[in-house]
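Here the structure is laid out as structure tokens; the discussion comes afterwards.
Order of writing sets the labels: A, B, C and D. Residues in every chain begin at 1.
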């Protein structure tokens, strides 16, 4: 340690990360994880318009060439904090490109997941309430261009067709968590994905249900039984029919009410060639 | 099941929860847990003023007398959802009282925890960044009145005095999570608690640190070693000196860098009698 | 830092924790958290006898008098590691007393929670399978004596009485998690608590269910609807009837299949005076 | 629903899952998740021999052809539960093959993760203690053969080279979590991976450290600073030198003591072509 390092001035401090590395090992992704930051989401006109402010958990990475000792972690956070009050989803490609530029990297990735609220109305009484979902965006910028994913996790009801079929009355049902991440062209909203996810379940959820609503959702789920396989297949059919979408990965996790373990199904499809 | 139940109208549906219970067992707390809802927090003038919107995780409970079969879960959610865009901390006593009234209960409790951002400036370069904390409010309303707690969890740096003392160089340090929940009189801000928590650590955290800042926080933590016991005691000394506070429960969890387990200390004190 | 500290010998190292503290603040609990250690559990004869080895998460604390600067964290771990391959529940009072003695403390606490397996047989086909529960022990030793709690968390099925009553067919049901912690006299097994918990649900769970079993559990849950309030009350009735138990705290969390939030009920009772 | 379904006999029940599906969508993976089951691990002779029993979290999946409506979830659990007291890692390929056969599937996957204990001796005082790691196995069986991965997550100490270089004294350090999953030929033990992971850190962890040990690990970490990039690169160098390994994916997550977010690096390499 040299005496110069007792000086607080930034100009004389050694740049340890900037040194040359001789191990000849490139790193796929290096950066910061579990950063918490405000995000401001635009609501589409069909959902009432305006904005909602919520909280994102963010990962930011770059690829690190074999000859560079380290990345500069503080620059990720500087780029993010240059969005003073909150960033918007529409800022993400620019943020990712800026990270790639500031870190002088071949590739940069920016992932954010966040709670997202949609105002829904109970099916019979029309009581309004806010339903919460998890949304996500994943953006990667390389020399070849920008890759962008949008995702939603929606809890829903699944009711077992086998249990219904073999039982004299009743059918086991449970909360499930359905997820889709999509690549798309044109304009697509988180609300569009929420709708697609909820249509694939036995029944969608609401935060407030009065008795006539509870009767409705109970009977509707019973009329609409779905295996975990049916949920992902019906979701796939729905996404296949959406001309904007050219790739997706989807899954459902069913928190079985008759077991202490979960049922799960997943599939990933590139559908660009079909359209 | 009677044929009237095939009618969707609410007036003819039986109120199962409203029946009389004969088991003669009162329930301390019954209600809803892990509700997600927007919260809108006022920033004090000294922190720049304005508001920030974030996301709360909420529990709402009532006491249930021995002779009542069930509470009406949907009413908790109706009261909460009557705050359309978001509720504010100042609404909490009224929400809690309203829950007690709507559920006709001897006691009602409303707990909310949420991410909270404070704009901070790096110690040397003064680079601005947002630092995230977890805040909480707990409110209970009974015939006797209203009880209100405010809490903050702040991550910080702890540096081990023993390791420093016995080692020729270096000292193990780690992230710790310090928490305080307080009962107070008069006006008190989340920022006031954040300041008290951070003063009790070896060093506070920042989201952005440039090299001169990193040098500063490294040296400052080394000059200011603290056992987990020192953190809670120094925090207790700080809270004891605050005339507004008459009760607190505090803890620190240190994610030891030399072990796979954590160090922990906690204490609870009523200080009303001292003031 | 003195030059003596460059010597690795333990005899000359300063005992920083042993110093006198002048802040005059006693600490309720200080120690280690989230320690992972093997535990060896005896199975009762009625469950097949023998032992099962599993993994415990352990917290160990002592009270720290106001005049002592710090506790000696390594001694907690030394006491635990003196049980070479694994400790047994029957060792816990001695471990706790040893911690109190080694740390020269007014009170010591030892908490352990662990996965516990019970071999069960499907209700119709009698297919065997292992069902997993979380068990726990909490022990506190003071001058006044030893306090010992045993706890179990059991997942189960809950089926909503209101949904069943108002719907033409079906009823929403879901996984719930029922918990009891008890103080008792005489001999009591984790299996005894598991039985009490499962009897209070709409239906118990099994790891393997063939179709005739699935029909059985579906119909049985439908015939046996329970609000979260009914679960804790029926559990209370069951525990009240057990002459060994003189205190308990119980709860149920129902992961509602029609909501994204949970229903919850809890009550704590001292029943020693009734027996 | 036919009247035959009120009969409990399995022979007359309809096989809903066995029906033909017309949506023409194959499912990549369907099965059960978060199953808890005992696992019995053989300790190598160099680590004292014998066995340890611990608890695994298990996922089991099959690929589902487009024309099949559903998989038979209970069969996964039957195969697993045919290992009465516990399964062993050496059973995993046979379990996976059996699942593929019982479910008549093109591919089957079996993943298990579990706590694993290694007896270690403090570096100076040689005090023995058990250190806990997370191990994992992932096995996939297709027509083409069997693919097998072994993984370990090891917590360790990382000390920042930049902080050390620029500071007059001290250096920020923290707990990190290093992970490797490898494909290999021949015999390889979890202990071998643990050793490789711990060598790549600034310092390994121990459950018990007396003062001379704490001095040792503090000084050793200070003498051995590592960025998160250095940890994964040094680990890569170590794995590249192991002739048994032909593929790996590795990462390190550093729980920064000066930030509330984490530093992270990861890389994946196929090294079969080099050997």
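In the analysis below, contacts are C-beta pairs under 8 Å (C-beta built on N, C-alpha and C of every residue); 3 or more make two chains touch, one makes a residue touch a chain.
No experiment lies behind these values; they were computed from the predicted model shown.
K.L.:
If you tally the C-beta contacts, which comes out ahead, B-C or C-D?
P.N.:
Taking the two pairs in turn, the one with more contacts turns out to be B-C.
K.L.:
Could you work out which pair in B-C, A-C or B-D copies the interface of A-D, where over half of the contact pairs coincide by residue number?
P.N.:
Repeated interface of A-D: B-C.
K.L.:
Per the centroid of Cα atoms for each chain, what is the distance between chain B and chain D, given in Å?
P.N.:
One centre to the other, that is 35 Å.
K.L.:
Determine the centre-to-centre distance between chain C and chain D, using the mean Cα coordinates as centres, and give it in whole Å.
P.N.:
27
K.L.:
Taking the mean of the C-alpha atoms as each chain's centre, how many Å separate chain B from chain C?
P.N.:
One centre to the other, that is 25 Å.
K.L.:
Find every residue in chain B that makes contact with two or more other chains and list them.
P.N.:
Residues 5, 13, 35-36, 77, 132, 162, 166-168, 207, 209, 211, 215, 259-261 of chain B each touch two or more of the other chains.
K.L.:
Show me the residue ranges of chain B that touch chain A in the complex, using the header's touch definition.
P.N.:
5, 8-10, 13, 15, 35-38, 52-55, 74, 77-78, 81, 84, 115, 117, 124-125, 127-130, 132, 207-212, 215-216
K.L.:
Going by the contact rule at the top, pick out the chain D residues touching chain B in the complex.
P.N.:
Listed in rising order, the residues of chain D that touch chain B are 131-132, 155, 157, 159, 162-163, 166-175, 203, 205-207, 209, 211, 214-215, 217-219, 221-222, 255-261.
K.L.:
In the complex formed with chain A, which residues of chain D make contact?
P.N.:
So the residues of chain D touching chain A come out as 1, 5-6, 13-14, 16-17, 21, 23, 25-36, 59, 61, 64, 69-71, 73, 77, 161-162, 164-168, 227-230, 232-234, 236-237, 253, 259-268.
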